[in-house]
Amino acid sequence: MNPVNYLYLASLLFAIGATGVLIRRNAIVVFMCIELMLNACNLALVAFSRMHGNLDGQIIAFFTMVVAAAEVVVGLAIIVSLFRSRHSASVDDASLMKL
Amino acid sequence: MSATAVHSLWTTDGLSASDGLWAHGGLWAAAAEPVAKIDSPQIEYSLIAPTLIVIGAAVLGILVEAFVPRRSRYYVQLFLSVVALVSAFAAVVALAADGRGTTESGIAAMGALAVDGPALFLQGTILLAGLVSVFTFAERRLDPEAHGNRVDSFAAQAASVPGSESEQAAVKAGFTTTEVFPLALFAIGGMLVFPAANDLLTLFIALEVFSLPLYLLCALARRKRLMSQEAAVKYFLLGAFSSAFLLFGIALLYGYAGTVSYAGIADVVDGTVQNVTPALAGTMGNDALLLVGAALILMGLLFKVGAVPFHMWTPDVYQGAPTPVTGFMAAATKVAAFGALLRLLYVVLPGLRWDWRPVMWGVAIVTMLLGAIVAITQTDIKRLLAYSSIAHAGFILAGVIATTPDGISSVLFYLLAYSFVTIGAFAVVTLVRDAGGEATHLSKWAGLGRRSPLVAAVFAVFLLAFAGIPLTSGFAGKFAVFKAAAEGGAGALVVVGVISSAIAAFFYIRVIVLMFFSEPKPEGPTVAVPSPLTMTAIGVGVAVTLVLGLAPQYFLDLANQAGVFVR
Amino acid sequence: MENLIALLVAAPLLGAVILLCGGRRLDRTGHWLGTLLALGSFVVAALLFTDMLGRDGEDRAMHQHLFSWIPVGGFQADIAFQLDQLSMTFVLLITGVGSLIHIYSIGYMEHDERRRRFFGYLNLFLAAMLILVIADNYLLLYVGWEGVGLASYLLIGFWQHKPSAATAAKKAFLVNRVGDMGLSIAIMLMFTTFGTFAFGDVLAATGETSEGKLTAIGLMLLLAACGKSAQVPLQSWLGDAMEGPTPVSALIHAATMVTAGVYLITRSGAIFNAAPDAQLAVVIVGAVTLLFGAIVGCAKDDIKKALAGSTMSQIGYMVLAAGLGPIGYAFAIMHLVTHGFFKAGLFLGAGSVMHGMNDEVDMRKYGGLRKYMPVTFVTFGLGYLAIIGFPGLSGFWSKDKIIEAAFAYGDGVRPWIFGGVALLGAGITAFYMTRVMLMTFFGEKRWQPTPDPHKEPSAEPAADDAHAGEMPHPHESPKSMTIPMIVLAFGSVFAGGLFSLNESFVHWLEPVTAFEHPHPVISVPAITASTMVVLAIGVAIAWFMYGKRPVPVTAPRGSVLTRAARRDLLQDDFNHVVLVRGGEHLTRSLVYVDHTLVDGVVNGTAASFGGLSGRMRKLQNGFARSYAVSMLGGTAVLVAATLLMRAV
Amino acid sequence: MSFPLLTATAVVPAVGAIATAAVPAAKRTAAKWLALFFSLATLALAAVVAVRFNTGSGADRYQLTESHSWIADFGVRYELGVDGIGVALIGLTALLIPFIIVAGWHDADPQETGNTRWRPTQGFFALILMVEAMVILSFEATDVFLFYILFEAMLIPMYFLIGGFGDRAHSGSDQNAAAQRSYAAVKFLLYNLVGGLIMLAAVIGLYVVAGTFSLTEIAEMRASGELNMATNTERLLFLGFFFAFAVKAPLWPLHTWLPNAMGEATAPVAVLITAVVDKVGTFAMLRFCLGLFPGASEWATPVILVLALVSIVYGALLAVGQRDIKRLVAYASISHFGFIIMGIFAMTTQGQSGATLYMVNHGISTAALMLVAGFLISRRGSRLIADYGGVQKAAPILAGTFLIGSLATLSLPGLAPFVSEFLVLVGTFARYPVIGIIATFGIVLGALYSLVLYQRTMTGPVKVETAKMPDLKLRELLVVGPLIVLLVFLGVYPKPLTDVVDPAVGHTLSDVYGDENPDPEPEVAAK
């Protein structure tokens, strides 16, 4: 299969993730959409790694997973504490500060 | 300046150290033959000592949290942090004295980090800013004592729900979130790496390493917890969102060049690359990969510096975060992010400058103007400073655009000047308090000059420095940046910069008017008398502001010497 | 001897400084000091005069260079004096009449608490006037020129608490300033044309430039003269200037300062001689003013204003004469001197009358005063005869010569027009002066009780709240007042004859002003005869109107011309409507423009930034997702722009 | 190395400022005397500068020079030197400050007592001395950057002086006094800051073109033809500089900050603004606009002259229309600044000498008028002209000094301003006759506003409020008296001043015209 197709797929996934961030209210879902974007990146990296015949892309993909995991730790902690204070995980509810 | 001490981590062809390595396509060339021998990676520990010290101290700090009794944690953590930052700074100075920033600059840790002038200069700046910020973190005299315990700006127990019984219990028990110190150290560690990162992976990791602790720190305010948490959520989601873009940009650039090393990409971009594999030949022809990738990486960095239109997190996060954290973020993050941006543009993408310069022109202009204009109508001092930081990001971008050695050194100088003013200003904000904690609404600052002339005067000095009035560091920095921009052919940018400076002056002056010429309100805020920690922070801010304003030559020399990137 | 010249100025200047800075200590003695210094200046003048007489006509000019004043590049102004025959004439007139009026004022101002200051101002005036006439360059002349303006301003407005006096003072200064503009421009023109503005250099070099330039300079000098000498169109201030104390009117607004314009034109004779167009303008101005002043003088009931009109008219004669060129200069100056005597005498007489009548100025409320104030009557009467040109008295000698010269001006219709005007003026002069004489000293008493000053401020409130509501008790004035009047009356009677003896005055001035005998279009005896006829007619008409018939206490409505003349021929109304009202509108609208437009643009810019800011901050709506939209949009733009750059 | 005299003239007031500011709150009077002492010491030093200054024909253009490296990276040196124009203006500044201090002796006495941390008096006098230091140094700077820094930095103390120590008198406006005052202060600062920032762009541009900020070096480069400045660049840079100076000076239509600032500030501070600080603007036009960009200056002359002319007439007309005494003086100053700028750009010896003299004389005359006006206002508590009348009856000395101030403002011959005004007019007329003639109308309008002011306040029936008005006190007399003496002296004998100024003007004009005679030759050759 043409390696470019992987790239298209990655872009599509990335776009889906980005759209999700924009349209979903629930912080958890938004966060998962971001994870989706990261995974789209991983796909692209791995595809390019294969194209170029070196391992750099794959290594980065591993790092990305670790980073994503770390983000989950931090992100969930924050989201959960917000949820406990507000009894809502809606991103839109968190709009005290504006203008 | 070619890479001299570069070793590959996973080599397959037995080449251990070769300039030709880059031609093969990167750090981790694909394994084609059975492994004969594994070379251990070569890490120049002395060269990356500053980072190691800080990160090591941060890890130690975690252990302290685990094993040291609650009572003494604060002192141990503070001591540890200060020692770590000071010794890291000493290490930076030692490296600089070794000529690592000038003649001996080079690449360390298998090409992952650059040890050159800008890196050392910015690391030094970040460490000093971090040190001063840690002082403000450690301040425990501003709030009245709660149940006989001194309290700082951070929540007693981050996990407890605001206003709940568990929170009250935590307060009563005298809990304090001493985790902020290791968190800050982690963030500083990441920031040290960020401007020194010499490949895209290190860049990404460094970004995450300093961002994640900051997200947490934002959520830890003792007062106004809801706003604090909201700031953290916004910062986190948007930060993660932007880093996804950055990562996608990295992927595309990697796809284009087949390598993530800065020098390697630059070679491909410039077309000076040798040994073009067929795959590389195919992707090299695809400029879209390069351009889109570069644009996405730029976007990730512009988010961190708070450039328009990626600035929207700034006011909310600056307002909601605990003020010491805001000061730290505003100063250190900006330094680190601009360092990374500089390196990216000057090392990786100089071949593309005819593409990115116009775009950055646009960003700089919009950033300067929007920051200045929107700030006019702000009513909260922290938000006002946030917009001011946006405008300043625009000014610094003007220097970045110069694409001359002067451009680099002027940005370095500006960052040094700006970071101390910022920390100082936010430190002053922590002093002005009423029953609800910090009195950040501007109307409460009315007549401050009558009640506390000294505090008001100090704040006025910072504001004047922000406004770029001569004899303050702000002026020297602005002049350096604008001069570089003008010499780099961006005269129009200078004019826009000057206009937005004028607009910006309006709101700085508005605050001064308010402090000095308005009648004090009867139920106005009080000015807390801080401990020597905050006093030091403010004092250092004032001193740097005036020294850099009156006799900036030494620091300009320093920035000039440091103004060359290794490649 | 030449070193004494500066002393002329120094004495009164010293007096002014001492009196004005000395404080209350000098209240008792100040007036004596002022008078002494004025007399001292007169003595110096007399010494210089005798010295001058001892020399030949051509060598009489004396010079004294004090110091370099403004040396800037080619612009070299010096403080230097030149005392020639022309200046000497003025110096004697100024110090002489000035001293007399100082003496007169001792009595006249006796009850005024600010007498010391009054004498200070008088001394200041003398100093400035002397600078004016002995300066050796136009710029220093300008100093004196403005200096007398200042003194005039201070003295007209001496009774500052009266709004009318303050306004009149301001008006006088302002109108004079318009004239001063002319003098400034003239000096600038001289500097650019000749590279200098010293009398000697400029007047010697008139042949080396174009007539156009000289005409321009001449017209500018004429403008200056019009301002200072109250000539049409800048005459309007003189009538109002009568708000000042009467000695001031006598000294400044009759005898000396107002004649400065004549001095200027005569001094600049060389320029005018080479610029016939400018001369014509001078003549026209003189002729018009001559009639204008005379007509105004006919209608005024205020004795001082009537005299002021007369002054205007007489100076018109002088200006007319000065415009005639070498045939007229000497006569202009001669009339100036004789006029100085009789007009000062008339004013002092008027002051004496007012002094006796509780400061009443309305002639309709006088009548029959000759019995009560005999000295005043006689001296005033002699002055009256002199001014109408009664044969043998001073005015006859000087005015007749001017009429003759006017009939000798140019060719074609010019001599007829200007000669005719001068002749007509003599008739009107006779009319209005007779009217003044009759209304004041003859007829029945029409005295009225003094009005309450608090209700209707009278013109001269001096020391007199005590007189409110009382009938006046006319009495002769004290010696200090009558003696100067008598001295001046002598001058009025004999000066003209003395000057005309062997044409001594003409010869005296000839080295300075040059002289040509006029050749009138009709014979001299015919002119003299017709002057006598016109004079007689004027007197007769006046006698019919005011001597034979009783004078009503309230003025009848009168003809259109009378009413117009009472209002200074509507010139003030014109000024009021066009200049004052127009100016007010202009400034008011400019204030508005400054506030709304000039300031408004800036404030508007600031406000629009504020508005923009207010709108832009709404973008920051607090929703993280919309921030993400902005970031995504920004990224899209960034990517698109980068790609676009490559495409372009 | 010789004694750094020029630095000392600036350091002494700066040290004085710090010392004054450090005086404890209770020792208010001591602070005043301290400030006065330092200002007098500065005056003495300025006198030494004037004496040491060589006016001989072969003397250097810039004398008493000092030069030290400062910010090498920006090409900036700490370079000082004075020419005659500088000497005159340093003298003016050093002279006026003691009077300003004495006149403002009680202006900053605190209204509230008990607040031991609030030390307005100390601040007031310290700020004045600070301004003095900066102004003097700016007259001495021969480095463009150094000048620029001072030009901008002096805004800050001025700003606090205007906004922090306002006139407490009633101004006839409904707005609350504090709001008006801070509006005035902000307006002052923003106008000047905008001007300064635009100049900053030009300063940077100059560096890009010339590579140095030193006036002397640039002059040498120009002389040797090394300076490679395109015509359009030169014009743009000129405009950048000129704009800032035109705001400061101020020139129509950039003038509207001045009436507000002068109206709201106390009278001594108003004097400081218009008599001292604004002179930096006109001074800089002479030294920097003409010195750095002679070609562009000539190019812009017609427009500038017209603007100056508009200023003259417009300022005077608006002065007539004012209801507030201090605003009236402010508009009169605008008119006078029009004369100064006209004299500078007439580019003749007389014009520029006149303009320089005008700066000095306007300083003294405005100081005299404004300070007396301040004394008057402090007695009645109102700035409205309509609230006065008949003052001369109650306070004849006050009225007399006020009259002399007014007469100086209308440039009466015999008083100093006449000399300068006439020189400006002659200088302008020589090259631009029409403009010269129109400007002459200014002398009529000048008389109008001066005398209207005097008439409405001092003459007329005595008002109840003014009937018991005390006359000038000794302190006030000590302020006004010397100024009046000076006005008379410089009006009668301005030669010491012209001797100092003329060579400097010659140098400035030779920047523009080279060795040609700058003045139009008279038609008839002098004998």
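Here the chain labels run A, B, C and D in written order, and each chain numbers its own residues starting at 1.
We take it that a contact is a pair of C-beta atoms (placed from the backbone, for glycine too) under 8 Å apart; a residue touches a chain by one contact, two chains touch by 3 or more.
These numbers come from a predicted model, not from an experiment.
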Go through the assembly and pull out the chains touching chain C as well as chain D. B
So the chain most remote from chain A by C-alpha centre is C
Can you check which chain pair, B-D or A-B, has more C-beta pairs in contact? A-B
Just give me the whole-number Å value for how far the CA centre of chain B lies from that of chain D. 46
Intercentroid distance (Cα basis), chain B paired with chain A, Å: 24
Nearest whole angstrom, what separates the Cα centre of chain B from the Cα centre of chain C? 80
Counting in whole Å, what is the centre-to-centre distance of chain A and chain C, each centre being its mean C-alpha position? 96
In chain B, which residues are in touch with two or more of the other chains? 233-234, 237, 241, 245, 315-316, 506
On chain C, where are the residues touching two or more other chains? 606, 617, 620, 622, 624, 628
Per-residue overlap in chain A, given as positions that touch at least 2 other chains: 18, 21, 30, 91, 94-98
Chains that touch, pairwise: A-B, A-C, B-C, B-D, C-D
Write out the stretch or stretches of chain D touching chain C in their complex. 190-191, 252-253, 255-256, 314, 317-318, 320-322, 348-350, 353-354, 390, 392-393, 396, 400, 407, 412-414, 418-419, 422-423, 425-426, 429-430, 433, 436-437, 440-441, 443-444, 447-448, 451-452, 455, 458-462, 492-495, 498-499, 502, 519-527
Listed in rising order, chain B residues that touch chain D in their complex are 450-454, 464, 467, 469-471, 475-476, 479-480, 482-483, 486-487, 491, 494-495, 498-499, 501-502, 505-506, 509-510, 512-513, 516-519, 551-553, 556-557, 560
Per the touch rule, the chain C residues reaching chain B in their complex are 606, 609-610, 612-614, 616-617, 619-620, 622, 624, 626-628, 630-631, 633-635, 637-639, 641-643, 645-646
Mind pulling up the chain A residues that touch chain B in the complex? 7, 10, 14, 17-18, 21, 27, 30-31, 34, 37-38, 40-41, 44-45, 47-49, 51-60, 63-64, 67, 70-71, 74-75, 77-79, 81-82, 84-86, 91, 94-98
In the complex, chain D touches chain B at residues 69-74, 115, 117-119, 148-150, 152-153, 155-156, 159-160, 163-164, 178, 181-182, 185-186, 189-190, 193-194, 197-198, 200-201, 204-205, 207-208
